[in-house]
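Each of the next two complexes has subunit A plus one more chain, namely subunit B in the first and subunit C in the second.
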Partner chain A sequence: MIKKFVNRHMCGVFIAPAFLVTILLLAYPICISVFYSFTNKSLLGKPLKFTGFGNYQSVLSNPEFYQALWNTMVYTVISLSLQLMLGFILALALNRITRFKGLFRTLILIPWAFPMIIVTFTWSYLLNDLYGIVNGKLLQWGLIAQPIQFLADPRYAMVTVSLVNVWFGVPLFAVNILASLQTIPRDLYEAAMIDGASAWMRFRFITLPFVRVIAGLLIILRTIWIFNSFDLIFLMTGGGPGTATVTVPIFAYRMGWTLYSLGRSSAVTILLLLFLAGACFLYFRILDRWEREVSQ
Partner chain B sequence: MKSKGLIASYLILTIAAVLAAGPLVIVICASLKGQYEIVSNTASLLPEEISFYWYRDLLEKTDFLTYVRNSLVYSSLSTILGMVISSLAAYAITRLGGRKQKRFTRVIVMTYMFPPILLAIPYFILVSNLGLANSLPGLLLAYMSFTVPFCTYLLVSYFRTVPREIEDAAMIDGLTRPGVFLHIALPLVAPGLVATAIFAFINAWNEFLYSLLIISSGSRQTVSVGLYSLKGGMETLQWGDMMAASVIVVIPSILFFSLIQKRIAGGLTAGADR
Partner chain C sequence: MKKRIAIMLAFAVSTSIMAGCGNQKGSAGQPVSTGSGAGEASEKADAPGKEDAGEKSGEAEGTDPMAGVTDDGTEKTITYWHTFTEGARKDYIDQMVADYMEAHPNVTVNVEVYPWNVFTQKWTAGLAAGALPDVSSVNPDNLFAIQQAGAVLPMNPLIDALGEDYFLKKPLENFTYEDVILGIPYYLHSYVMWYRKDVLEEKGLEVPKNWEELLAAVKEIADPPNQYGFTIAMSKNDQMCAQLLSCFAKAEGAALITEEDQGNLTDPKVVKALQLMADLYKAGSPEGSINYGLSEQNDVFFQGKSTFAFGSGFHINGVKQNSPELLDKIAAVPFMGPDGETLGDTAFVIGLMGWNQTEYPETVYDFIRFHFENERYIEFLHLIPGGQLPATTEAANSDAFFDNDTIRQFQEEITYIQKGIEKGTFMGMDFGLTPAAAALTSQGIIEECLQDMVLNGTPAEEAAAKANEKLNAAIEILME
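Coming up: the complex of A and B.
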């Protein structure tokens, strides 16, 4: 009885600092943001006034917000689907080969060692219309007559930043999926081959069920991360040209720090959070089902 | 049939390796081009003649080394502080066991969903009100918001592997709870602690938004924001400086990554198979 109490007490003490951090740095900001989103809070220090749903109304009637939402979706879908697909293919290939495994793994991990600022320096340079080697080579080989404005042309900018994100994110998928591939017992495949299962069936009924719980978790975390990501696009195009690459986080940043309207910016971020919460809930439902299937 | 798949695997990996490593090679070559060559000789990969002009320019004319030092200090402190808070919490969570443990870990994953851009506004105001704007403690405070949930999440999966029987035996031998934590649980998960600390360090090292908003003076800037101001502060973009800085930042990271890659491989999702 006493032992049990001590046990529980210790747990409380151990968790306390993390609990404080959670309250101060996660719960409090959310509450205060909700509060600000109903006021005219501004960086300029005007007296605080309640505006009701004014901020939400103004955001939801702003076509730029919908464009930002659309851009974020495009960015997330392109980035995530290609990262997952290419990461999976690379993991399967790495799992297959016998020689130079370490070398290939190190080389493929290289993009991941790039801090985002360096990712953007590198690709802004490579794709630059005047000084970049990509346009330089294409011109030299006579494949194009004019340099392609990868980042300055509104038609290409969104796809370009998405592909840069793919370049950066594939290693994470590859390494993590590889790790889970390596936990699959070899004799499962051997038994399946004796039973005459085709390569596709072995993939479908052995590889996929093993990998999908981890892949599912990766997808959740990366979706959230990409949806919320600010630095890559901010550093490469700043949201431009015009509003061609403005995603929701950048839209919120522009509201808050360029237009000084923290209240409206808070409304945008709260909407973003609600949207993500919905997506998260859905994912957890799916993940729970997969976990039950695996344990059965 | 079997060798076909193998050849395809090598082919795919070779293409991927070229795509992954190619940009780095181009950046290294560009950084070694001369003052004028970098903007004149753009179609060829190799420099006509190797020059260290841009490295000298970067180190002499900018505060690059100060930024690097700041980032090293901030990231280390944030890692240490985060690891202390998280290892305590993670240990306690695993000792709760069962449904409670699952619920706690789900809550932690959910904190990951809060957009940094949402948190940035309250932090900016909070830190200013506490008089910590433009200071190391102010930035560390903001860094805890992603370091603590992230580390706790990873560490829970490591602490789970510590057998309860060992702990119970130690407690019968007279060790207290904190004693068990310090002398038994922590040493047993040491490899996990190292892997987690590495991730935490990398996250802090790469962080951009909070340092952009909280740190305003140049001499306290992190690498990310320092280099960003380098890009924005000049009338014409100094590609040479940017390439030299990229090489200096990335090469040590890659060496470090190749040394520790066995340890971090799968670390991020090690706990997912619960």
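Coming up: the complex of A and C.
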């Protein structure tokens, strides 16, 4: 009887503490944010009042929110697609290198070793119009006549911050895809070559199916991280020039922390959550299909 | 809270009455003559350590109630948040805290240092978590928000004990809201217009006396990338445009926030000042200054590339550190209006405040007062000569403060800054402390307005109207 109970329920008992902690850490912030989004919650501790959908109405009727949402999508698409592409290329190159493997793998991880505050200050300085080495060299080589306003010109600012994010994010893709590449049995490639498969066909029918599940997971993770990314853009441009680089997290920050309006800020984050949940749902559907294909 | 204020005021009134009964009011560092501590202080003396407290209070009779209660023998721990993160000032504060604890062996002061840019997050999180300090440094915007949150320990008892003339009148007034003194000014400055004497001489130009001359001078001088005229920093991460606009607008007698707590950016005078800033940018600011914050703006001046700059006496130290050879070549004048008038100044202050959840208000007062003991205070002010100007009447008029090479060298500029302090108000607070002022600096509204003008060619009136609308929307949220 006891043995039967243990067999049936002991795993649940062991899992319960971790499950509870996870629920508290995940569910509590979400629930409290949902709750606050329907109230006038202020960081100044004013009496709490229920406001219904007032905060959502206020956010959704603000044209800056849509500008921020559009900017966030542009930033995510540029950053993610380039990170994936360059990460893939880098991983394939590293996979073929036979000498100084360890050195190169360490070198590509360097961007990840720096805190974001250092990354943003360094890049801001490198791209400065008066003292920055980038403009300095371009001028010296006669490639430009005037310094490029990387962060001060609305035409370039979004591309610039996205490229800095690409520089920062490529190593994650490269290292994980490289790890995935190394799990592919060599004999598959040998058999394909004997069968006369071209390099493209080997990539298309062997490499890609093995790697795409890992790549898919990375895409999901990076989409969430980039969409929620605050520090890089905030520290480099503060959302300017104009509203050229205002993203949803910056919009939410200005509402929440500088106007002390946690209610509105929570409404923004809940809208962001819904948007990301929808995107992740789609991603996971695709990922499931890929996984099924690999297992077949 | 009300009860605590009432007790404090009762304590202060009794203090004042006793002081009026023949004892002399001391300056900081000297005992403030009063009777023994009253109210809450006596209640606390009934707690553990009562015997000691009795003896101490006997000793303290006719001396200093705050020190008396502080030194009642009971162990006390207070937390001090401050924002002096850099070397010399941090070391100074550490030493001052050590001196205080040595003088009051039963008091432990826990110090937490943090940069200004996290202050809002820190105190709002502390408010929600019930983990606030006892004493902290503070700036005007946050001070008023803290008052709104009901977390300020009124400083009236301290002022009553020290005397109304102990601190300079205007700065203290700037920290007062409906007769409640929310904080104590620690050091002050006001903004002046710095310029390079040698560059003006080289071009045969006089120091500009009005806006027309200023713009003409900037046009004449600008020779990018070797020399710029006036750096207009517009980063939305900083508040440089808001501060500069405040300087120009106050000089011509215009407020950025009305008495009714509404944005005043559409006032023709303010629009004119916005237009001037846009013109100055086009005439002679680095193109990339659209994304410059305080440090980049200052770098251009400190490294000798900008002829004009706006700033406080901290600029003296900045130039000294970065380009000492330029120190003899810089000078400053007060900001002027379009016709050369100076009808107002923008002042700034870093203050000290107490938090009302403290268990030891008397110790908080005593500790704050300790900051102002004359010799120690002047030593602090001299850490950045000319940048940190005195808040106490005694220090402001003392020979000891002016007994410093740098201060002597820039005496004229420091006099302008002091005059600005004496008659100036904080940005957006022309009619007193208001939460609306925070909307000027926290949202990047003024910076975005200028960006709109210079990047999109939006006319000043239109850009100002858009900005004013945003400002009022932000004020509405802040005032809810």
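One rule holds for everything that comes next: the second predicted complex is superposed on the first by the 271 of 296 C-alpha atoms of A that agree within 3 Å, B and C clash if a C-alpha of one lies under 4 Å from a C-alpha of the other, contacts with A are read in each partner's own complex, and residues count from 1 in each chain.
Here is the rule we use: a residue touches a chain if its C-beta (ideal position, glycine included) is under 8 Å from a C-beta of that chain, and two chains touch if they have at least 3 such contacts.
Just so it is clear, the structure is predicted and the values come from calculations on it, not from any experiment.
Steric overlap between subunit B and subunit C is present once the structures are superposed on subunit A. In the overlay built on the shared chain, the residue A:235 is in contact with subunit B and with subunit C.
In the superposed pair of complexes, A:130 makes contact with subunit B and with subunit C alike. When the two complexes are overlaid on their common chain A, residue A:222 makes contact with neither subunit B nor subunit C. When the shared chain is aligned, subunit C comes close enough to touch A:42, but subunit B does not.
Contacts of A:260 after superposition: subunit C is touched, whereas subunit B is not reached.
Across the options 57-65, 93-101 or 129-137, subunit C meets subunit B in a clash only at 129-137, per the superposition defined above.
Of the residues of subunit A, those at positions 128, 130-131, 234-235, 257 touch subunit B in one of the two structures and subunit C in the other.
For subunit C in complex with subunit A, the touching residues are 120-121, 124, 127-128, 145, 148-151, 225, 234-238, 286-291, 296, 299-300, 305, 438-439, 442-444, 447-448, 451-452, 455-456, 474, 477-478, 480. By the touch criterion given at the top, residues 5-6, 8-10, 12-13, 16-17, 19-21, 23-24, 26-27, 30, 38-39, 42-45, 84-86, 88-89, 91-93, 95-96, 106, 109-119, 121-123, 125-126, 141-142, 144-145, 148-149, 152, 177-178, 181, 205-206, 208-209, 213, 223-224, 227-228, 231, 239, 242-243, 245-246, 249-250, 253-254, 256-258, 261, 264-266, 268-270, 272-273 of subunit B touch subunit A in their complex. Within the complex, the subunit A residues that touch subunit B are 6-7, 10-12, 14-15, 17-19, 21-22, 25-26, 28-30, 32-33, 36, 86, 89-90, 92-94, 96-97, 102, 104-118, 121-123, 125-126, 128, 130-133, 136-137, 139-140, 167, 170-172, 175-176, 178-180, 182-183, 213-214, 217-218, 220-221, 224-225, 227-228, 230-231, 234-235, 249, 252-253, 256-257, 262, 265-266, 269-270, 272-273, 276-277, 280, 284. Those residues of subunit A lying in contact with subunit C across their complex are 40, 42-46, 128-131, 146-147, 149, 151-154, 157, 234-235, 237-243, 254-255, 257-261, 264.
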